[in-house]
Each structure stands twice: as structure tokens, then as C-alpha cells.
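Let me begin by presenting the structure, written as C-alpha cells, before commenting on it.
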Amino acid sequence: MKTVKKFLAVLLAAVTVFSLSACGSDPNQTTGTAPAASASSEAEKSGPDDSKNVKIGVLVSDVTSAEALAFRAYYEEYIQKQYNVTFMYSDELADAAAEASAIDNFIANNCKAIISFASADRPAQIEQCEANGVYYAVATGTLTDEQYEKFKSYKYYVGAIGPDLMTEYMAGYNMAKSFLDQGYKYFGMFGGATPYYTEMHIYRAAGMLVAMCEAGKGTYLGASDFGGMIGAIYGAGCQLAPAVIGDVELVGYVGGYDFDDAWFGKLAAVANDPKVEVLLAVGSGQTAFAGFKREGQKLGDIDCYTKDSVALMESGTLNYLAGKFSASIGPIFMATLSAVQGHPIRNAEGNAFAIGQGYWVADNAETAKEYFAVDSSKTEPAYTRAMLDTLYGASYQDFENFVKAYSFDEIKNLAK
Amino acid sequence: MKIGKRIIGTLALPLLTLLAVWLISGARGVALFETQLNLLTFIRAAANVMLVTFALAINLNSGRFDFSVGSVALLSSVISSKLALALGWGPLAMLLVSICAGALLGLISGAVYVTVKLPPIIVSLAVALFFEGLAFTITGGHGVSFANKASLLGFSTIPNFLIIIVLTLLFMIIIFDHTRFGYEYKALLSGQKVAVNTGIREIPNALLCYTIAGALMGAQGFISATTNGTIQMSLNFGSISPMFMAFLPMFIGGFIGRFSNDKLGYFLGAVCSALISLLYVRLNVSSSVQQITSALLLVGFLIYLNNEGKLKALFVRKERGV
Amino acid sequence: MIQTVEIRNMSKRFGPTIALADVSITALGGEVLGLIGENGSGKSTVTSIYAGMQHADSGEMFFMGKPWSPTSMTDALRRGVGMIVQENGTVPGITVAENIFLGETQEFTRGLFVDRKKMTAQAQKALDDIGAGHISASVPAGMLDFQDRKLVEIAKVMAKAPSVLVVDETTTALSQKGRDIIYEIMARMKAEGKTVIFISHDLDEIMEQCDRLTVLRDGKIIRTFSAEEYDPDAIRTSMIGREIQGSYYRSDYEKDAGTETVLKADDLCLSDQLVHLSMELHAGEILGIGGLSHCGMHTLGKVLFGAEHAESGSFTVHGKTIRNEAEAMKEGLGYVAKDRDSESLCTEASIRDNISVAGLDKFAVKDVLILPGREKKYVGEQVAALQIKCSSADQYVSALSGGNKQKVAFGKWTGRGSDILILDCPTRGVDIGVKQAMYRLMYRMRQEGKSILLISEELAELIGMSDRLLVMKDGSISKEFLRSPELSEADVIRCMI
Amino acid sequence: MENEKIIRKEQTRERLLRLAPVMGLILLFAVFMAIAVIRDINIPYSFKNIINQSVIVVVGATGAVFIYTLGSFDISLGASLCVSALLGAMAYNRSGSLLVMLLTCVGVAVLISLISSVLASVFNLPVFVTTIAMLSLLNALALVLIGANGTGDVIQVPAAAVRGINNVWVKLAVMLIYLGFCVFMFNYTKLGRHEKFQGGNPVCAKLTGLNGKRLAIAAFAIAGIGVGLGAFLTITYAPTLSRNTASSVGMDIIISIVFGGMPVSGGARSRIWSAAIGAVSMTLLNQIMLTLSLDSGIGQMVKALIFILVVFISMSNNKGNILPR
């Protein structure tokens, strides 16, 4: 009797799952959309072939960051509607093993290409895709030089577009400098994942510190230039500490993402130090500092353009924002699609491309608003289909010029 | 027990902690409570830890382990903050809604438990997953940010936290020591079978326990949300971490409870860990060092707790000169 | 006289077992009705249903002529039917007062709050009323000994001045003082024209206390005896449904017990449980140990098996000192604990698991590898030898009757050929049929030259089975009796109190 | 006689319910195949994939069953796996020998297990809380190791070194050998029997001459071996390790064991296979979610529902009038 009940329950479970399979998005929905029709006429010359659906897997190491969500929105709510492609997103990828599994999943699901936002083990990802004949592209990141040398000639390695470490370094440098130029001397810093030895954050931090050294005519951990600073930070086990840098001072520093009482306490302590004039964050500064910031204190952050961050800039809580724009991952998509459809974009030596791409920088609310308006648009994003189509099977030169012109105004010109 | 012994037993640990923390910080030439802010940090931590400790202890004492407390805090703070932002509420309204939401979620997880009649630890795993997923879905993964809602951030003040602490403590003592529910809770706690056979209705009692725990976590969620103005989403059990900070204070509370009132004990336990957190802040200790010390403290105290008898015997022998 | 209690055609089953089949009982005001029967005969079930602890599958109940359907024990008690249960009915973690008014806190709530003072005062009064004034109502029940906790339960029931009182197997665990308190209460209720339903294993006791006596077996009513019809053998027969072949206990009185000492305890001390206790156990001897439930004899059993450790003094088995249970087992000791379900058996495990676990070293290859065949054989032998009633050895012990459970507990030790058995209340809550089988087994083992330390609260069986009988009082041995037909319970009791 | 019949019926019912996890597995597999066909999925590759993804949890969780059988609980297994893998990788980089790496992984994992269990039994601490402390210790240790190794935020074994053994057959072999070992220990040795009995009723076990502390230590040691093998497999699968390595494995193990029908109270009803069944089921479930490309949040909610449902069915309902604890 009870047994019967229970097996009914099993049935119910089955039904649940099946009904889900029903509501899951059907790959063929997107076929024959309006643009598809228009494009198909002269597919071979310009614009990709929309006749058959292309499945592209997307590796994401982080599913909750504003940046990741903005990117996802651009792909799913603009690109996927414009082109006959289906994006398949991975779950949150904590480690290299998770990345490998995710790629396996994509391959099993017959993805033709993979665009990666996950960097736990890029070489492994590339090898895996090469071995399985799946195109692979790096979005918002780059390979190290030796990695590039190793993989540039791989057939299925499309290439990389994104801020290289130097760009990250410069982002930090410029942010600090812009405040230093305004004559501020006393800084508090949030180091993000620096204590976890995360390069991106280490380089941004280094940039800020070098800027301080130059302005203050002093040294930090005995270093004052790019190379020296990176070394010094690793030397210190990536545990930074407050220090006087000539006539500039790093008054307070917090690193890590503990989210416990002590962590909040430390952040509050830095923000509330009467000496601190400017708060700098290598990332997620809005989470770290915005809550504790005092009146008149300045806050600079490297993140992305969201409703919230813009609101913060309007309210003067956030004063400087270097942010990736969500459409910045348009070109890599087109390069990938192009490769999948047999028009790979290779440089003069026939190798995969590696193109640097920086941030949009806003130091006032108006700019930020303008950026966000474009960035969040689902109809007229920074890179529209019309613009991207010009990249289909484009020459390396055209492609590089297009990508390199990433600043807001340059893109505006491209659009015309 | 003599009143003197009671007082000593009750205050020994907090005072010891205070002394230790004070000495260590002193040795490093740092004043523990230099600024108003240090006090705020301390009180906030105390309130925060106390809420979680109560929430966990209510059910853990009756053998119901609950992985879902963190997710309840997460989801209830998401709900309340979403509403507060949409309707332009002040902190008080948000706090109340957060508590109610928490209570409701707690009730739900309790209801699941009493319906499926599975071991609570299993149920709580599922509930945690579910609530995390729901919070994620509600916010579309974005989490919630009200960093520029000064009104909400403004809640984080010493008097406010003091009020929360006092009210919670009063509430807990009244509910658990002076009401029918409390008496029946105690009976079920140490004599489940007998109590049930005698006609005490366990299910309503359990439901109320979960509801109260939920309400407390609602308040805790509100505090951590308004402390830094954003709510981070978490998936795959990312939400269980707040639970861990409750263990040390819970054991300390249990210990103190033997001399006076266990609720008071939990509060004092929270005070102890808040003092330790403050020390971490003042000395700007790196998180690895933090994790290690906290873990060692927990183990150390447990060892003491579980070997008190032996230790005493040891001393007695010493006195005997054996 | 008015019918206070009436039960009509009540039936109840627990999963596989039929606990009650169409049982009808009536009890009158001013009488003490005895219920007797083997374990699982249903006597506790029928009364516990009437007292609101559980519900029947079918049948009607009446109280004072009106239909009766209590929702819980408190509800029943509030309406005049109280029950003192067999197992422990107090909650250790709360005070005596809270226990006495468990589930009735609302009586003392003013608004939201509970008035502890008032509760404690009334509880104290309730204790005094039944002559248990020595217990303080404000201490946690966990701090009381077993007897006092029972008294608390009695006070809890009597505080409600019930017009029907059910006493289920309570007296076995009580000292004379405790028993007297209960007898006194029963007498008083009888005098007040109220009803007592008295359940006991002790035939003498029940015949002495009851005006009528109803015998149950396998959930059916077999026969009701009126006082003048009382005849021990007739009652026993109707209880187990057949003539008891041969005598109940062993009949011989030869002094042929061995003289070789197999177990020797010397000046053992352990808090108030063992006070400078010395004793010897010989080969081929059944050594009885008697006393009040808290005289320390149960502790002695545990200590001699190495399960508890004496603070001072020593004991040896075959001349070797024993430090723990494992060593004890190596020396051929076996121990059947008093509390069967929580100490002797793992009830959620199968018969096979329970029997084989103690004997793995006997049949496991190289003391490591378990071959299903060998195990089946090993367990099968015990199941057969002890005639354990079960569908298969894979059946969960929890589904067995008390008697069969105890047989499994025995099987653990007989299987591995233990030659010294420490039996703590081996026939507690075991029906006469099994009881008799156990006595036979003990005697057979004795004849095989094995030694048995029989710790028991039932004087009859001690006197009936032991070659020697040691009486314990306050942790030390107060008297030694040798086996003789003249030995009477009275003599023994005198040295116990 | 009638009672006999009823008892038999009870037992068959019990057995049926005990099979629920297996049925759940079969059902999930059916659903998976159905969807695989609808969405034309590369099925052979999927199978390889499913093995790849479940093997680590299977190995880790199967060992952990011994701990659960005692009715205790270890939440630090994931962290332990991480630390073992990190040290294993470092060992390889020093020695250049896969054997050394394997031995280090297993050795470290066993050592960690022994530390928590010995600590717990010597000072008779509640095991679960001890492992909670262990969890944060190990997390901190992982970071220290990475720092000490000084190669950025990761510790790497050259991919080429492990490519040779990163194939399904090696994994299956490791898994089956260890599974075989555990099944043997659990069902056919004195130790396994004692573990179950200890979990079922510690008091009775003591009075039957079992040494609870030694049993606990043994159980943890066996679990340690599993975690060590898991660490080894993790390296071979993804030779780049970070502080986040295996961060999800800890909870996956708990979920899998329960999903596979293991009673958290342990004891006689413990099943050594539950871990394997549960782990594979969870992997299948994840595959289904992915193929349906459910949004992370929804996906997790569905997972939770299915989890509780299956467990509800599999737990044989010998529940009295009191709530389980």
C-alpha cells in the first residue's frame, strides 16, 4: 500500500524531469529568424550562414559576478536572437577539473565551438578542444607568450581577445594616477584575490602601487617600477600591507573574500580611517567599500557597467570605474562562428590571433550613464550585428583594427 | 550550586577571552577599542554571531542538524531588500519583513521535515539547495545591491545592534524558559519518546522551533546585507558557511549554561568570538592565520569540554600528592 | 457495583504481529483486576490503549458507562484514567515538578508565562501525598535513581486522583519500600470504590493483590479467575497453553558443584556500587546474586565482564586479570545485560548479525574472512538449539518477541562456547515458556561444568536455580546461602533490606 | 501461519524500498537516454564523460561509507582531497614518478583522516565538529602550500606526464579495484561486520568486545585511501590544481551517499554500494540539467526536489510516532 504510494512518487519524479525536457529551450527555435532570411541571400560575401544552427559552449568560472551576467545577457539576449546559434552555458567552474568536465559536456552535446571565460587551466582546455576537433576561443583574457607560441598554430585554436596582464597593470596604474593627479595622497586599497595569487588582481594592484611610487617619489617593498613591483608582491607572499610611499601613503589594505565579521571589520576600518581620502579596489570595490565609505571619500573600482554601478556614480559613491563593456565579446564570437563555418581568421603567418582589448573608463556619472545606455541595450549594443558581420571571414588586419578600436568613441565611429 | 560559583562559571570564559585578547593586542601595541568603529565592529559581530548561534542551537540541541540556516538568511534578505528597494522602505520595515520572511522559510523547511519524516540533516541539505536556487532565480544571479541607499546602510549603528541583541536575548529567554512551548521543548529535548507518549505534540513544537530559527536567520541576513550594502549570491552550498561561526559560541554557551542560563551562555559565547574577530581586525591578521587560529580554538575548547572530568581527576590526584 | 472500565472486541496489530484479537475486558469500581500473560500476550497493549498511549484498530471502549476515546495519556489522565508504565516514564532533563505536570503546563500559565513556583509547590504536595516526600520537586529527574523516578511517575498519576489506575509491571523493578507504596495506593483506591488494573509477572504477588485475574495469551483472553479459583498451576497452564512438563526450576539439591575457582574478585570498590566486595565463582556452579535493584549487583556484573572499571581491588578469570570486554571474551566469559534492547542486542540488525558478531573469531577464516556458508551454519546451529521463532535468520531482531530476543542474546554466547556466563536478569520480561527453556539451558550448562553468575531481582528463580546465593546490600555482600529446599524468600529478603 | 506471511511481505517490501535508489538510477538513465536521443547527443562520448565525472566522487564516497556506517560524518573530505592532490603534485614535480605521486596522495589523505579520527577518539570529541575544524585548517593549509610552491595561484603537473593515464580504462580500473576492496572489507570481513554493528548500537557493541575507537580509526583510514585515490584521479584528469580544487567534492560526497540510499544513522542497514549508485545518479542528473540548459538557479531547485523525493522513497519507513533525529 505504502509501497504503491512511493512508486507513484517515482512516477511523479519522472514526469517532473520529462516536463522539464519539454520546457528546455529547443535548438531549432532560432532557425529562420528575420535576419537569417535577409542574410542568407548573400551569405558567402558578407555575414555568416544562418541556415543551420551552430551550438557554442561557453565556459564561465563565475556565474554571479555582474560582469559575467552582463556578458551572458549580450550573448543570450542579443547575439542568440540575431544569429542562428545556441549558447550552452557551463555551471560555475571552480577548478581545472570542472573546466575539463564542462568541455566534455559541451562535446557530448555536439557543440561546434567553445568560448572560454574560465582560466584555471587554459592550455588543458586548448589541448582538449584540439584533440576533439572543437574550435576554442579565449574571451576577456590572453595567453602567456610561451602558451601562445605553443598553441598559435593549432587548427582549432581561434585566438584570444581581451586585456592582457599589461592592460590589467595599466588599468590599475591609470586609476590610481587619476586620483593622484587630483592631488590625493592617502589611499586605502582592496586587493581582491591578490592573497590567492590571482595574477589579474596582482597586476592591477601593482599598477596602483607603481603609480603611487611615481607620484610620491618613494618605493613600496623597495620597488617602484613594473617589474620590480610584481616581484616584490610575490616576494611578500602576495600579502600586502599599509606603507608610506614617499609623500603618498597606503594607509590601509584588505585582501581576500572571507565575507566574515573580521573581513567586514577590516574593510570598515580602512574606509573609516580619517586619513584615507581615496579607496581603490582591484575589483568588486562596490561590494567591499561602498557600504562603509565616508562622505567626501573617493572610490575607484575596476569592474563593469551595471545599473547599480551607474547609480553609485550618480550618487557620488563611486567616482572612477574602469569596466569591460558587455559587447566587447562580440568580435571573438564572430571570429569563432566564422571559423566554424570555414572562414577562420588567421594572422599573416597563418596563426591564431591574440589581440589586446582594454576597458571603458568613466570618471563621472554622465559618461558612465552614456556607456551603460549603450552597453545594456538589447537592440543597439556597442557591437551590432551589422558591425560584426563585417568581420565574417575578414582579413586579420581588418579584424585587428576593429578590435583595437575598443574605446567608446572609436566604436561610435565604427558604427557610422 | 552556590551563587558565587554560578557567577564565576558564567563570566570566566568571556573575561578570560577579553583578557587574552587585550593582552595580545596590547603586546602588539594596539588599543582594542581605539575608535567608535572598533566598538561597532565588535557589537555587530556579537549580534551577528549570536543570531546564528541561537538559530543553530535551537534545533541542534534537539538533535536536528540544520545545513539550511545560511540559505534562509540569504533568501530572506533577498526578499526583504528587493521589496525595500522597490517600495522605498526604511531599515525598520526591511528588518521586519526580513524576519517574517525568515520565519516563513523556516516554517517551510520545518514543514518539509515533519512531512517527509527524514533525518533533518538530509532535509536541510535539500532545503539549502532549494533556497539558494530560489534566491539566485529571484535576483537573476545578480544579487542585490543598495550601496547608495544611505537609509538602509545607516542601520549599522551601535545602539541598533544593542537593541537587536537585547530584544533577541529577552525573546529567547522568555520563549524558551517561561512559556508552555519552552517547557515542552525541554521535555522533548531530553525525553522525546516519553514526552510524546505523554501527549506532548511534537510536530507543532518542531515547526515552531524551525520558524523561530528562521526568524533569527532573517534578522542575521538583514544585518549582513545592510552591513556592506550588497547581497552576494551563492550556489552549491555556498550558503552554509555562516553556520560554521556558530559552533565555538555554541559550545561555550553550553558550558556557561551549566552555571546559569544557556541563552545567556550563547550570547556570551558570541561575545567571545566577537572579541576574537575584533582582534583579527585590529591586528589585520591574514585570513589563513585567522582560519587556523579559529579551528585550533574550537578543537582546544572541545578537548577541554570533553575531558573536564579527567582533567579534574588529574588535579585532584595532584593535590593528593599521588 | 458500577462498571468503571469496559472494553469491547478490541483488536490491534503491529505490522506482522497480532497484539490483540477481539479482546473484551470489564473492571468494576472497588476492585483490583489482575492481568497476567506471557510477553506479547497483549496485556500491556490493551491497557495502554485504554490509557490513551496508542489507538486500537477496532473495538469500543467505555468509561463509567460512557464511550471512551482518550486522545493522549494526559487527556486520559485528566479525565480519570491513569497508567504507570513499565519502562521509564520520566524525562531526565527536566525537573521532577515539570515531569509531574508534563503536558499540562497550561494549568500553570498566567497569560503567556508559566508559574514555576506554583508548579513546584503542587508537585511537592503530590509527592508527599503518596509518601514520597523524600524526593524534592525542584531537582532534575535525571538525578534520581530508578526507584525514585518510578515514584515520581506514580505521584504524577495520583496527583490527578484518577478513578481508574493501571499499574503495568512496575513493581518488579522496585524495592520493598516502593512496592509497599504502590500496594498502599491500590488499597486506598479500592477502599474509595475506584478501580485498579494490576499487571505483573509475579504470580504470587498478583494472586495476593487482585480480586480477579484475567489471563491473556497471543492477544486473546483465555480465562478469568475469581479469587477463590486461584491455583498457580492452572493459571500457568492457561498462560502458556500447555502443561509445564517437569518442574519449573531445577529439582535437584546435590552439592555437586565444582570447587575449582574460575573467577575470583578481590576487594572491589566502585563509588557506592561496590564496597570492598570479594567473591569466587566455581566451575560447574550456578552462583546467584540477589538484592534490591540498586544494591550494586548489576554494576558487579558489568565490572566482572570488564565493561566497567573498579576504582580499587582486582579480579581474575582463570587466574588472568581482565582489562576489557575483549579480554573477558578471550577467557570464555559471556555477558547478557539487564537492558536487552539497548545493551544486549542491536535491534535494527538481523538475527544473523547479532549472533555471529560475538563469534566471528570462531568461524572467520584466519579471524578475518567471513564465508557466508560458514556463518549460515554457525548461526543456524544456535537458532535451532535455542528454538528461536523466526521466519529466517535475516529477520530483524526488532520484529521478535521479548523471549525470542533474549534467546538471540543467549545465542551470542552459547555459540562461541563461553564457559562462564554472567546473566543479568536473564528472564526479565520473558514469558514463562522461554523462562523455562532458559532454566533448562542454564542447568544443562552447569552439568557441562560451565559456570553461571545469575544476577536477578526475582528471588524465586535465585532460590530455585542457584547452588550458592550471595545477597548484596549497599555494594557489599551481606549474606551467603547454600542451596537447600528449606531456603525461603523471607530469609533472603531479610538480608536485602 | 499467517504471521509468517506478513513478516515475509514486510521483508519483501523492505527489499523493494531498498532498491529505490537503483530504480532512481535506472529512471534517471532512461530519462537521460530519452533526452540524449531527442537532442541528438554524442552518446558514446557521454558515457566516457559520465565515467570521468563520477569516478572521483564514487571513489571518495565509497570510502566515506565506512564513516557513515558508524553514524558519524566527515565534512572535510573535499578539503582533504585538495591538500592531498596539491602535495601529490608537488611530490611528482620533485620526483618525476607517478608512483610517488600516487603514494603521496594516498599517504597524505590517510594521514589527514587519521589525525581527525585519532584526535576525535583520544579526546572523545564529536567527530563531525572535529572535521569542521579540520575543514578550515585544510583550507588554510592549501593556500599555504600554493604560496610555498611559488608558481602563481596554481600547482601544476606537466600535462604530458599524466596524459598517458588519463583515460577511462585506468579510471575504471582504479575505481573497480577500490570498490572491490571496499565491498570485500565491508561485507566479507570481521572489520566490516564490526563497523556495521558498532554503528547499529555502540553500547551493545562495547559489551560484545568491540573497540569503538579502533573501529572509528579504521573507518577513517579506509575513507582516507578513497580520498587519496580521488586526489590521484583528480590530478590525472586536471593536472592544474588550485585552492579551489575539489571544492565541491566534499558536499558531492555527502549528497551522493544519501542519494544512494545510505541511512545517515548508519548501522546494519548501511549499504556499501550506495555511494557508487548515488554518485552516478547525481552525475546523470547534472547531465540532464545541462542538456536541458536549465538556468543555474532553477536547475539547483529541481535537483533539490528530486534528491529529497528519491531519498524519501528509499528510506524504509520504520518510523514511530516520534520525529527522526
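Labels A, B, C and D are assigned to the chains in the order they are written; within every chain, residues are numbered from 1.
Going forward, a contact is a pair of C-beta atoms (placed from the backbone, for glycine too) under 8 Å apart; a residue touches a chain by one contact, two chains touch by 3 or more.
Note that the structure is predicted; figures quoted are calculated from it, not measured.
Asks: Spelling it out: a chain qualifies if it touches subunit A and also touches subunit D; which chains qualify?
Replies: Output, common partners of subunit A and subunit D: B.
Asks: If every chain is reduced to the average of its C-alpha atoms, which one ends up farthest from subunit A?
Replies: C
Asks: Find the geometric centre of each of subunit A and subunit B from their Cα atoms only, then give the gap between the two centres in Å, rounded to an integer.
Replies: 37
Asks: State, to the nearest whole Å, the distance from the C-alpha centre of subunit B to the C-alpha centre of subunit C.
Replies: Comparing mean C-alpha positions, subunit C is 44 Å from subunit B.
Asks: In whole angstrom, what separates the CA-based centres of subunit A and subunit C?
Replies: Inter-chain centre distance comes to 73 Å.
Asks: Give me the residues of subunit C that touch two or more other chains.
Replies: none
Asks: In subunit A, which residues are in touch with two or more of the other chains?
Replies: Answer for subunit A, listing residues that touch two or more other chains: 63, 91-92, 195.
Asks: Taking each residue of subunit B in turn, which ones touch at least two of the other chains?
Replies: 136, 141, 197, 235-236, 287
Asks: Considering every pair of chains, which are in touch?
Replies: A-B, A-D, B-C, B-D, C-D
Asks: Can you name the residues of subunit D that touch subunit A in the complex?
Replies: 13, 16-17, 20, 23-24, 27-28, 31, 34-35, 38-42, 45-46, 48-49, 52-53, 56, 143, 146-147, 150, 152-154, 156, 159, 234, 237-248, 286-288, 290-294, 296, 299, 302, 305-306, 309-310, 312-313, 317
Asks: Please name which positions on subunit B make contact with subunit D in the complex.
Replies: Listed in rising order, the residues are 62-64, 112-114, 116-123, 125-127, 129-130, 132-137, 141, 192-193, 196-197, 202-203, 206, 235-237, 244, 247, 287-289, 291-292, 294-296, 298-299, 302-303, 306-307.
Asks: Can you tell me which positions in subunit B touch subunit A when the two form their complex?
Replies: The contact residues of subunit B facing subunit A are 35, 37-38, 40-41, 44-45, 48-49, 136, 140-143, 145, 147-148, 153, 156, 224, 226-230, 232-236, 241, 245, 274, 277-278, 280-281, 284-287, 290.
Asks: Under the touch definition given earlier, write down the residues of subunit D that touch subunit C in their complex.
Replies: 3-4, 6-8, 10-11, 187-191, 193-194, 196-197, 200-201, 203-211, 267-269, 318, 321
Asks: Under the stated contact criterion, what part of subunit C meets subunit B in this complex?
Replies: Within the complex, subunit C contacts subunit B at residues 52-53, 71-75, 85, 88-94, 98, 102-103, 105-106, 109, 112-114, 142.
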